[in-house]
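Same chain, two partners: chain A is paired with chain B first, then with chain C.
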Partner chain A sequence: MKMTRFIIVALLVFATGLMLPKVVSNPYYFYAGYVVLQYVVIATGWNILGGYAGYTNFGSSAFFGAGAYMAAFLFKALGVSIFVQILGACVVGMLLGLATGYLTLRIQGVYFAIATVALVIVLETLVHNTEYLGGASGMTHLADPAPAWFGGQTQYVFCIMLGLAVAAVVLARWIEVSWIGRGFRAIRASEPAAEASGVPTLKLKLLACALSGGVMAAAGAPYPTYTSYLDPVSAFSLLIGLNALAMPLIGGTRSWLGPVIGAVLLASVQQLATVTISSEFNILAVGLVLIAFVVAAPEGLLGLRFRSRAA
Partner chain B sequence: MRLTRRHFTKLGVAASAGLAAPAIWTKGSFAQSDKIRVGCSASLTGPLSGTKNMVIGYELWRDDVNAAGGLLGKEVELIVYDDQSSPSNAPAIYSKLVDVDQVDFLFTPYGANLTATIMPFAQQRDRFIVGILTLASNDKLKHDKFFQAAPWGPDGATNWARGFFDIAERDGVKKMAILAADTEFSKTAAEGGRRVSEEMGMEVVDFQMYPPTNRDFSAILRNIKAAEPEAVFVCSYPADSTAILRGIQEIGLNDSVRLFGGGMVGPQYASLMENLGPALNGVVNFHLYVPEPTLKFEGIENFLSRYEPIAKQQQVDPLGFYIPPFTYAAGQLISAAVEATGSIDQAEVSQWLHANPVETVVGQINFDEIGNWTERRVLMVQFQGVDDSGLDQFRQAGKEVVIDPADYASGELIPFADARKA
Partner chain C sequence: MNRLVVEGLHAGYGAVTVLRDVNLEVREGELVALLGMNGNGKSTLLNCIMGFVRPTSGRVLLEWEGETIELSRSAAHETTRRGVAYVPEGRRLAPNLTVEENLMLAGGSGRGKAKLKENLGFCYEMFPILDERRRQLSSTLSGGQQQMLAIARALMTSPRIMVVDEPSVGLAPIVVEQVISTIRTLQETTNMTILMAEQSFFQAIEVASRAYVLSHGRIIHTFDQKVDPASSEEIRSAMMGIA
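So, the complex of A and B:
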């Protein structure tokens, strides 16, 4: 599919989503749908660096949390709208990605992954000690009422998250088909070979870090509005980092569709399990699914499909 | 293994069916209206899972109501989901309860952090909700259908540990030391303590904060000793409470210290009480219920005797003094209001609760306009004569003696050093 046609389809999906508050009357589906879409954005963001460029990031929750806290800070200090909050979060995420990348990209593989975990701890400690942001006990975030058209705050943030998801997927797809994506693939295949062939590896890796960070931070921006409350333990939760990694792995890391499938599948199961079976089973199920995919389908669901086509 | 497209489709169908199955087999028929549904989330897993014994309180209340013929002739159904101790899970769970399960009444999750995520929701939907040990959750919103099950009182956020200072004033304490974990909850209590001490004319001779991860208190305790206080107000969490009390066993405190404790979280839990044993002697600390003769509320002993075997079976806190009686009482608030008004209308039930006292297993409760108890009844109890014979000793009166509030006092304060020598 050509890029322009892809964008048109994406916009149609967004427009259809905007009509949902008029069609679906039960708010619960927007609550659950919000979480699923949030993970679509996070997984897509993670995949830009982790999937395309091959740098495993365990610290996704640092970017998510930074975005959430930036949004809450902007709202508390200046009372700005949610769109400005998202923009602010995005800028902070990109800068954070750039800074982290600059400091850590000299190390590769497992050492890079460990360095990203450190970022989570640094940011969480920072928030713990910042009284203005509520410190360890968290802060209440009572957002302005949503526009009447949406019929409620949850429907409103759902539509905003849908917009973010569509934007993230379009960005991922654009990267995939552009020269940037080719550069990322070259880095993933062999960094020295890419460097030798004239690929500007450091610049591209920094770009991947910034874009990935920006997208994941944007996913965090509507979170305080969704929960009306923000605390460091949830915002920097390890579960976010694990999900960000597991979802593209389950779906497939080579294409934009992989993280989307993984996120929709895994987040839906998690939402369902929370209100049906107990959470111990929930976590066990995620673990088993992950092991099964690593063993049977190391390239995710999409990998299976490509293999089946080849057969 | 080679996969054909047909195999892939089959795999997809099987996976979808597998994913949907839990929802199909566990989802009951919620469309009937011959039941009164009460719902909440509880921290069954995660860092707050130590509080999951709260569900036993709800279940015993439900069973009692149903055994007596239900509410308004309808069976009471309890729906509890696991929030995994994470505030991010609570909004979707409460929407599920209200929008899909269509519950009639709600309890909050445990504690202020999780409750903060659902209070705006409860207010927007104008829902009746009972707070479960949440501190100051309705101070800002002032939702008129919120009712607090715990006895923090009208100005709980700053004054819940006030009883400790009242005891200090009665005992003629002039020099106070304050030690608190560096977290918001402890900090607020410690700052409140400093203000109250100064109001009462006491000199704060030592004010120390420690990082919440600190486990070595030898230097801190030596500093306190050097300041020679007469009372030490401590705001700590279970792990640091243990470390502090063990530290005192090793290093000791001056004989001038007559009062020690106040805001320590941990000495309310059976596991910690069993572990510390005689090291608890002399500590004066907050609690919500202890089996003293002055607190023999109607039904509490029967409740605890039925709680114990269930707790043993589920391997949760065997004593159950701290949370379960209050979750049972939360249910009693609903049944009293529904029976009195003959209605499940949220506004009618709320109005009735604002206007009338309710007799519960934790005593009589009166509510103010934002749903707090009209009077603070946080107990300050002193551990006296504790030996290392295990948990059973705490089921008898005389081991956790109520010193404050005066109306419920069951014994006299023994100076800290004397209580430990005995």
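So, the complex of A and C:
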């Protein structure tokens, strides 16, 4: 069975990652690698709704931010471990996805996209006005020391994010080969056609929203531990929403590999640019790369491969 | 008796009334033709049966194996799952799925799920060209092949009744003949119950066991037996609103 082999390879990748802290000593690589992996999770989550089902979400940072704030809240209120924080973030993300979906899926195309932008503003305003969450000035988040094996907090969250990335990719792959994935793609093509095939389109769209939201919120959960600080401006940053849709578009939205390639490429370039040029350069870089791809490779890098094969 | 009944159906879009007091019945094993020119309400009627359009009054009932299901209240995917398969006008396949994925999608839930392999085998036997092109994207098929796929997709749901909307639309005359004869073969070999809307009426009446003529949203004529080609002129006049 192909899926079993896929899961075994995914687990091997994760196991290799767990060994990295013993081999690589410079923590900067983990610090930068964390961001790349975080975007692998976000892009993969975005692609479940945006790529497979064809609903463009501009508000990914709402889900990321909600996940991050849920994690910080759970830690501040109950002192629970990072795994429980991730679980809590995941649940909040799914509920948020479900609610957004329920309210907005009757509108399609550009209107759905606008509604998702509004969600970011609503949540950010909510956090700004909640004193317990630190309001506009943010909150510190001093996590418990990491297990000794990892040699430091950065290496630890890197490995956790790697685990999330592996889980997200396995989920995406499973959706792709399952009946649900075919249903999503049929929805993307034509909803009446999907209905005629006996596909419950509204239910499947809600499922896509919930899964997508859950994954993106999970990506936000380790963020406060990673930076030991959380503020609304960076949690609900425009860059996250932009990257979330740019990465799958660059890589290709048809398969799980597209968002992974897009995230690794774009996030690495951004990390390099942050070190060598300036962190402000990032948004400009995303914009330019995105325009280039829309013009030259509208179906992403994987689309180019398919196209050259067909020619 | 197993049958699909439409009772006193009125339907429309907003302020526009399309169907006025439509009554019809499709009994098990029949191939019923629904004839009418463009814009007389054929598709609206089929859309009401499927659940895409809600009637303003009247009912659509599926009386089957002692059960009575009111279809006019169920969503389209539920209608499909209850055994009324739909072959939409203009095929409406999922172009980004392969031939086999289109079939697996339709057959992978509801009534067809338990017989997935069997249904797939039957479809490939009936349409060898689809077997040959199973890994191709459905958008790369010719119009006639796409229509075959749309019919096969309906078969994958293990239907009690097939509702076929204008299978001849957008096809070359020779392909229209092929499609219609495919539907006839299907009906003869499997005793499938079929309701087929058509405006290419000479072809439709050749295969239909009974026919209804729809004009301005009303059933204006009913042929209660196998239509005699000799009376086809009568149907034609009825459709054109001359008689």
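Methods note: the second predicted complex is superposed on the first by the 303 of 311 C-alpha atoms of A that agree within 3 Å, B and C clash if a C-alpha of one lies under 4 Å from a C-alpha of the other, contacts with A are read in each partner's own complex, and residues count from 1 in each chain.
Note that in this section a contact is a pair of C-beta atoms (placed from the backbone, for glycine too) under 8 Å apart; a residue touches a chain by one contact, two chains touch by 3 or more.
Quantities reported herein were computed from a predicted structural model and do not represent experimental measurements.
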| item | value |
| --- | --- |
| Joint occupancy of chain A by chain B and chain C, clash or fit | fit |
| Which of chain B and chain C A:V117 touches, first, second, both or neither | neither |
| Touched partner set for A:A186, first chain B, second chain C, both or neither | second |
| Partner chain in contact with A:L20 - chain B first, chain C second, else both or neither | neither |
| Touching partner for A:T201 - first (chain B), second (chain C), both, neither | second |
| Partner chain(s) touched by A:S237 [first = chain B, second = chain C, both, neither] | first |
| Chain B or chain C, by number of chain A residues touched | B |
| First, second, both or neither for A:Y229, with chain B first and chain C second | first |
| Chain B and chain C, minimum CA distance [Å, superposed model] | 19 |
| Chain A positions touched by chain B in one structure and by chain C in the second | none |
| Residues of chain C defined as touching chain A within the complex | 50, 52, 75-78, 80-81, 85-88, 92-97, 101-102, 104-106, 108-110, 112, 153-154, 157 |
| Chain B residues touching chain A - in the complex, by the definition given at the top | 2-5, 7-8, 11, 19, 22-23, 26-27, 44-47, 81-82, 84, 86-93, 95-96, 98-100, 112-113, 116-117, 119-121, 124, 140, 183-185, 187, 212 |
| Residue ranges of chain A touching chain C (in the complex, touch as defined) | 179, 182-183, 185-186, 188-190, 192-202, 254 |
| Sites on chain A touched by chain B in the complex | 26-28, 31-32, 34-35, 134-138, 140, 142, 152-154, 223, 226-229, 231, 233-234, 237, 239, 265, 268-269, 271-280, 283, 304-305, 307-309, 311 |
